[in-house]
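Shared between the two complexes below is subunit A, which has subunit B as its partner in the first and subunit C in the second.
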Partner chain A sequence: MARRLLSCSFLVLTMIFLSGCWDENPIENFGFVIGSALDLGEDHSSETPSVTLTNQFAVPSGFTVPSQGGGGNQQAYKNLSVTGNSVFHMNRDMSKETSLTPIYDHLKLIVVSSELAQQEKMFSSVVDFFLRDHEMRRGIRIVVSESSAKSIFDIVPKYEKTPALYVNSIMKNNTKTIEVIPSVRTAKLHRDLLNKSSFVIPIVKVKGEEIKSEGGAIFNGPNNKMVGKLNAFETKGYNLIKGKINGGVINFQVDDQLMVYEIEDTSSKVKINPENPDQVKIDIKIEISGSVGEMFGHKTLINEDYQKEIKQKIEESIEELIMNVVSKAQQEWKVDIFGFDQKLKSSHSGKWRGMEGDWNAGKQLFTKSVINVSSQVTLEHIGSTDRTKDRGVK
Partner chain B sequence: MTGFQYADEQLSERELMIALPSFMIGVEALSMPREVASATTGLDGVFSVIAAGVVVAGLTWWTAKFVSKFPRESFLTYASRIVTKPIACILSLFFIFLFVAIAAYQVRSLADIGKIYLFDQTPIEVASLSFLLIIVYAVGGSRAGIMRINMLFIPFIIIFAFVVFFFNINWFEVKHVTPLFQTDINGYIKGLGRSIFFGGFIILWFYIAYVENPKDTPKMVTKGILIPLVLFTILYVGCIAAYSNVVTSNLIYPTIELAKMIEIPGGILERFDSIFFVIWIMAIFNTAAMAYDLAVLGIQMLLKRKGKKTIVLSIAPVVFFIAMLPRNLLEVSTFGEVTGYVSFYYSIAVLLLFVIIAKFRGVKGNG
Partner chain C sequence: MRWRSFLQRNNTKNNQAENFSIELVKDLNENIKNLENLLGKPDDLVVRKFRVRGTNHRCAIAYIEGLVDTQYIRNQVMSHIQLDEDLNQIPDQKQALFETLYEEIMSATAVKKKKTLDDLSKGILSGSTIFYLDGLAEVFVISSQGWEKRQIQEPVSETLIRGPREGFVENIRTNIVLIRRYIQDPNLRFETHKVGRRSKKNLVVSYVDGVIHPDIVQEVNRRLQTIDMDDAPETGFIEQWIEDSFLSPFPQMMNTERPDKVAASLLQGKVAILLDGTPFVLIAPTTLGNSLQSPEDYYERWTVGSLLRVLRYIAAFIAVFLPAVYVALVSFHPGMIPSDLAFSIAASREGVPFTPFVEALLMSGTMELLREAGARLPKTIGQTIGIVGGLVIGDAAVRAGVVSPIMVIVVALNAIASFSLPAYSIAIAFRIILFGILILSGILGLYGIILGYIMINIHIVNLKSIGVPYSTPYAPTFYRDWMDLFVRLPITVFTKRPKYMKPMDKSSANKGDH
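Entry: the complex of A and B
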């Protein structure tokens, strides 16, 4: 009997100790970070420049549809800024300022201001935390803001619940058009940082109440800082070289009349011949299929000669777009943003080993390479009508 | 208190075929891609993994063939006939020590990984102890119970490895896989060494004794190796194709990161990794439980005692103590590596020793 009692009381005692949970943390105590913005801080006294981290927290009650007569529209987010030297440290400080512990499992977007990105070696240091921390996922999108990164989080979005989600959906939805730089996610960023290759990150701008993705920030791999910007025109050329576009338009002139070519599919083939490392030959071949989207003239399009002329004009404007960005990359930014280095590494790895250090840096072999472009355009159809105006009108 | 008694302690050949992959798939599967990738370039490591699988399959077949010549004889019995009793005892002692070390390593790694990804406040000691107690409970029962758990878990483990692979396909890029065949021969060999994934066939020395008629066993267990081979191959290919070689060799647990990368459209399931953890803890549990069980079995064999519960409870503190010895992640992984290599080469050494001496002394099996 005594033994039975003893074992019974032992079981009851175990129950008390086993029912606890060390990591018990009510969900209300968590602050779900959905966006992080990184700016250059104002304090320049120490050797490493200080950084301001602005986290956008989701406020769950703002996401639900307000009940009838309820408190109206509650904001679905809350921004909080902290300045410091390390991101991890700022993160700690943030939990001191609020009752919430920031957790990053649902982080969607990182915004880095161009001012911060232009600092020497700062970019990889500030994103380190987002690649290292175990809470981070590897699909976080990263953008560069033209103005301060914080200002991106301050606009009031019309169609999305929070600014971070708004930017995220902008980045998500226009990935394959010719006008914008495809979104960059941390998994790819990590690869490029480790490979020391140069890369382009989309730039976002605040325009009134809206946010626009326009152009890209060029990062120099070895130096790890932003060295320039792609404008809208250069972005088109960049995207054409990278290929895999299935949307967007190219404007060109035929007989002094504007015509619009709508891209449906592109493919680009890059052939590299590194026989002579001081004069690497790069051939870019682009095939595009698409249709005429709009024309200002009044000539009939159902005419082989005229179509040939149109095709030739499109080819010319494509080659111009590409040569423009290529020559700028070679002369102004002096970095290979097109991924030729990866191509060299995978198809000429023997040669590549000898020139690896001299491609983007050192002897800057990229700037000495000879780049040729050729393009082939197919006109799939001309729309549902041939002409919309008679030739009499001018 | 009396525990529930299963009908028998026999193993069917199918159970043994499943036991082998269950024992092999453990913590190593989570970090294996890093170790192989850091020795090779591009996707070349996959050849190392496959070669390692073939080598292990061959050794498994040979071991099974040899052991099945002594049906229903315990290791001590047939080892004594081959190399005399004192040596057999020493060999078994070392086997027991290895199994204890393997169990301890699995327990410790599980606690470490859990602390990184799941519960950052819980002390490692507490997490290890709870996991160990569950293992003790499983081993305290019948061996058939552990085998049934193996059978039950392995389909889930296979399915989830495939899910992790296929749901990441949109991340795959051809340029991550190239350049192919650029690794020098040393790299391949290094990669092969690192993808030996535990000399899993070590369990055959003891478990074949429980198979009623081990005639087909060599064939069956060799088939069993296919499971880890396919699984490790797809996990490796998945990591390289999604991350590229250079990132994979820098991630501490590439397989976990691969599971974390999954995005199911619509946001129904944002955190797929939590499910992956549940499944993989089951895999680690199987490995640890079997290693523990084998240690118990070895001691039982040496002491000729039937009191299984006493042995189970008395080695628990030893396992726990060994699991707590490494002070940091680096030491844990060194511990794991050493245990893996030693058990692999020890098993080969014992096999060679037995084959040669059995031939020399004319010891014949009775099967």
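Entry: the complex of A and C
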């Protein structure tokens, strides 16, 4: 009996100890991939164009502050590039070139060059790995670079430890302006790809030794390719329609003097009437509240008529911003980047089923839709003071 | 199951201590000689022979020096028999004289008549004085205990900021008095047992009749009656003899030096077990929740008490799991650490020769060594250990690159958390479990920690303390008792005694709503 018990417990222990520790690998033996850049490769011989993958690895010792003086200003990152066809394969190839095991748990940023994004159907294929692999988080930020994606990773950032984290924090901290596209994470990208919706991804570009986020890359849902760019002006309109704004400024002219309106809160309501599929009616209603941020004139603002005039001017400039981007989307890019299709799908699913294939592609019903914009501006306050200068000489 | 029968206790009473139920004889000298022979003619046995004043009646007293208050014997016994002028009607007849002495002359308060050598030896060894009268086979055993005692002092092992400063002492009589002063209730009971084949110590079970569930008293008494060992120098012996599971790492009885804690437990319907010769009193039954309570939780206002409770629960988890979780995260799941922290841990671990698991074992082991060394050394040298430990382990080891600085933080935090637990016995239990969990996490990662946690829980719900589930009031669940568990609600809310103790008298306070 005792022998049997002993042998049983021996077997159980063997089972635990032999299978145990198989995942054990101390943290310092890992190479943390914090950014991945995707460029179009040089080699165009095969059917699918080759891709160059540049991974940015964190070098942990560069992250710590040296405890005792000494100029230990070690670079906190290391870039490795591999060219090939499959992103997955290239990632595995990466292990050959580094002594550390690459892991992707801490991946923060994916940069896709606009050159690669403009290739037919390439975009979803190259990001497939980042959506499919089990090590990937769903919150990786994705951006499009104007120049090559690798060049973003070659910038030596001044305030951040690595270029990838630099871009990541630019994307995180751009809430006070409406001139940049809100950051896009892989979870949202995945949804848009599955829905075949068109979407906008923020663009970053190298400007001297800095990186700047400006405008967005427009992707056509059905054929999954970058079809155009939003400039700063159009981005404002885009953001106003999307309505996810809690900061930002609008410039306008009153009495030929510049005035700046600071947005504090917005809400946009989109009403769609698909009675006639060939002429879908879309009403965009925007409510904005904010305050006067700066003025060049010297009139008193404590005057209802004057305030009314100001409000009207703001409304005009907002409507202009929006109509500008809407008409460009309808005529130039011919894709619905505003998410009207999702609205249609959720509130008019019956109708939508009939026109699903023809919205962005086919008959291109989006370009034929009639879009109206109305805005309502509230002037919450005029700032801390009415006037900062005297009336001047009349 | 051979091992089980091997470990099972032999319950048959097999008292090898000799029984001297020898009758006394009439001759005084013979009697004294018998006593001397029985005790082996010790140096400290004092025999004083004298005569009753104005008569020819020879008598003697015998006691053991040091155990007896000689002042008391002189004032209450000797002075009356030897010096009193008005001893006029002394009867001649021996038996009559004996009765007169008992009834009229001796003013000592606790006097018993005994007839056997056995009673006599028990009495003299426990500090009584024997009074012989020549020609009679009967003696007086006069209670005259008066040996050197420690004064009542502040308990060393359980200090409080606010609360009574009295602590139990080695003398069981003093300890009983301390409890009586807290609960002046006629239902407060003290049942005495004699423990130890050879030591014959007094063991007292104390409880409040009418509050406690009678089954608990019965069970405690039954278990105490099975005790059969030479000596029980400390209540720890009693605890280990009567506890429910000797394989469990958890202490199934609480020990305390504080009378206020004992009094509070008695009023909750528990028993206290006092043993002569030790200031530590056992409280049974005990639950896991009790182990994380401190008297101070009740003495401070309820917000403070609740905060301390919550803090203590967090500390308990840190004390058991922190190094294991660190090892699991660092060597199995680096993705679960926030990026910046992961990079800084990775940087701090660069060049460390050991795996995190070995490092944690090493440091926790060192911590145990330091703790043990500090506890055993005299107080004056003890502080040196702290300095040496702090410097050598904390600084030099990190500088030499033997351990990573984060590991030092983890182990230090773990040690501090385990010291912040109110009961030393539960803190030690947690440190034992810590090593088990650490090994599991070193082998299986977080999965192992969870397995370990489940195992601990299975064990706890199976464990009982004198028949009361150790995990109550979590499970079996008594929600009403939760108001004194993770938090401590205002005193005015506690109008009922804890339900899990099944007290006979359920109400303990009345806020005045009727």
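Just so it is clear, the second predicted complex is superposed on the first by the 358 of 394 C-alpha atoms of A that agree within 3 Å, B and C clash if a C-alpha of one lies under 4 Å from a C-alpha of the other, contacts with A are read in each partner's own complex, and residues count from 1 in each chain.
To be clear about the criterion, a contact is a pair of C-beta atoms (placed from the backbone, for glycine too) under 8 Å apart; a residue touches a chain by one contact, two chains touch by 3 or more.
These numbers come from a predicted model, not from an experiment.
Engineer: Using the touch criterion from the header, give the chain among subunit B and subunit C with more contacted residues in subunit A.
Structural biologist: C
Engineer: After the superposition on A, what does A:Asn195 contact: first (subunit B), second (subunit C), both or neither?
Structural biologist: Touch partner of A:Asn195: subunit B, not subunit C.
Engineer: Looking at A:Arg138 after the superposition, I want to know if it touches subunit B, subunit C, both of them or none. Which is it: first, second, both, neither?
Structural biologist: So A:Arg138 only meets subunit B here.
Engineer: Is A:Tyr306 touching the first partner subunit B, the second partner subunit C, both, or neither of them?
Structural biologist: neither
Engineer: Of the two partner chains, subunit B (first) and subunit C (second), which one does A:Asp23 touch, if any: first, second, both, or neither?
Structural biologist: Touch partners of A:Asp23: subunit B and subunit C.
Engineer: Considering only the touch criterion stated at the top, classify A:Asp105 as touching first (subunit B), second (subunit C), both, or neither.
Structural biologist: A:Asp105 contacts both subunit B and subunit C.
Engineer: According to the stated criteria, A:Phe63 is in contact with first (subunit B), second (subunit C), both, or neither; which is it?
Structural biologist: A:Phe63 sits against subunit C, while subunit B stays out of touch.
Engineer: Does subunit B (first) or subunit C (second) touch A:Phe88, or do both, or does neither?
Structural biologist: Neither: A:Phe88 stays clear of subunit B and subunit C.
Engineer: May I ask you to decide whether A:Ile34 touches subunit B, subunit C, both, or neither, giving the answer as first, second, both or neither?
Structural biologist: second
Engineer: Looking at the overlay, what does A:Ser349 touch: subunit B (first), subunit C (second), both, or neither?
Structural biologist: In the superposition, A:Ser349 contacts subunit B only.
Engineer: Kindly list the residues of subunit A that each of subunit B and subunit C touches, one partner per complex.
Structural biologist: 23, 105-106
Engineer: Along subunit A, where are the residues that touch subunit C in the complex?
Structural biologist: 1-2, 16-17, 20-21, 23-28, 30, 32, 34, 58, 60-64, 103, 105-106, 108, 135
Engineer: Would you tell me which residues of subunit A are touching subunit B in their complex?
Structural biologist: Against subunit B, the touching part of subunit A is residues 22-23, 105-106, 134, 137-139, 187, 190-191, 194-195, 339, 342-343, 345-347, 349.
Engineer: What part of subunit C is in contact with subunit A in the complex they form?
Structural biologist: Residue list for subunit C touching subunit A: 1-3, 330-332, 334-337, 339-340, 342-350, 352, 355-357, 442-445, 448.
Engineer: Tell me, which parts of subunit B touch subunit A in their complex?
Structural biologist: Touching subunit A from subunit B are residues 41-42, 116-123, 126, 171, 175-176, 178-179, 182, 242-244, 246-247, 250, 257, 260-261, 263, 270-271.
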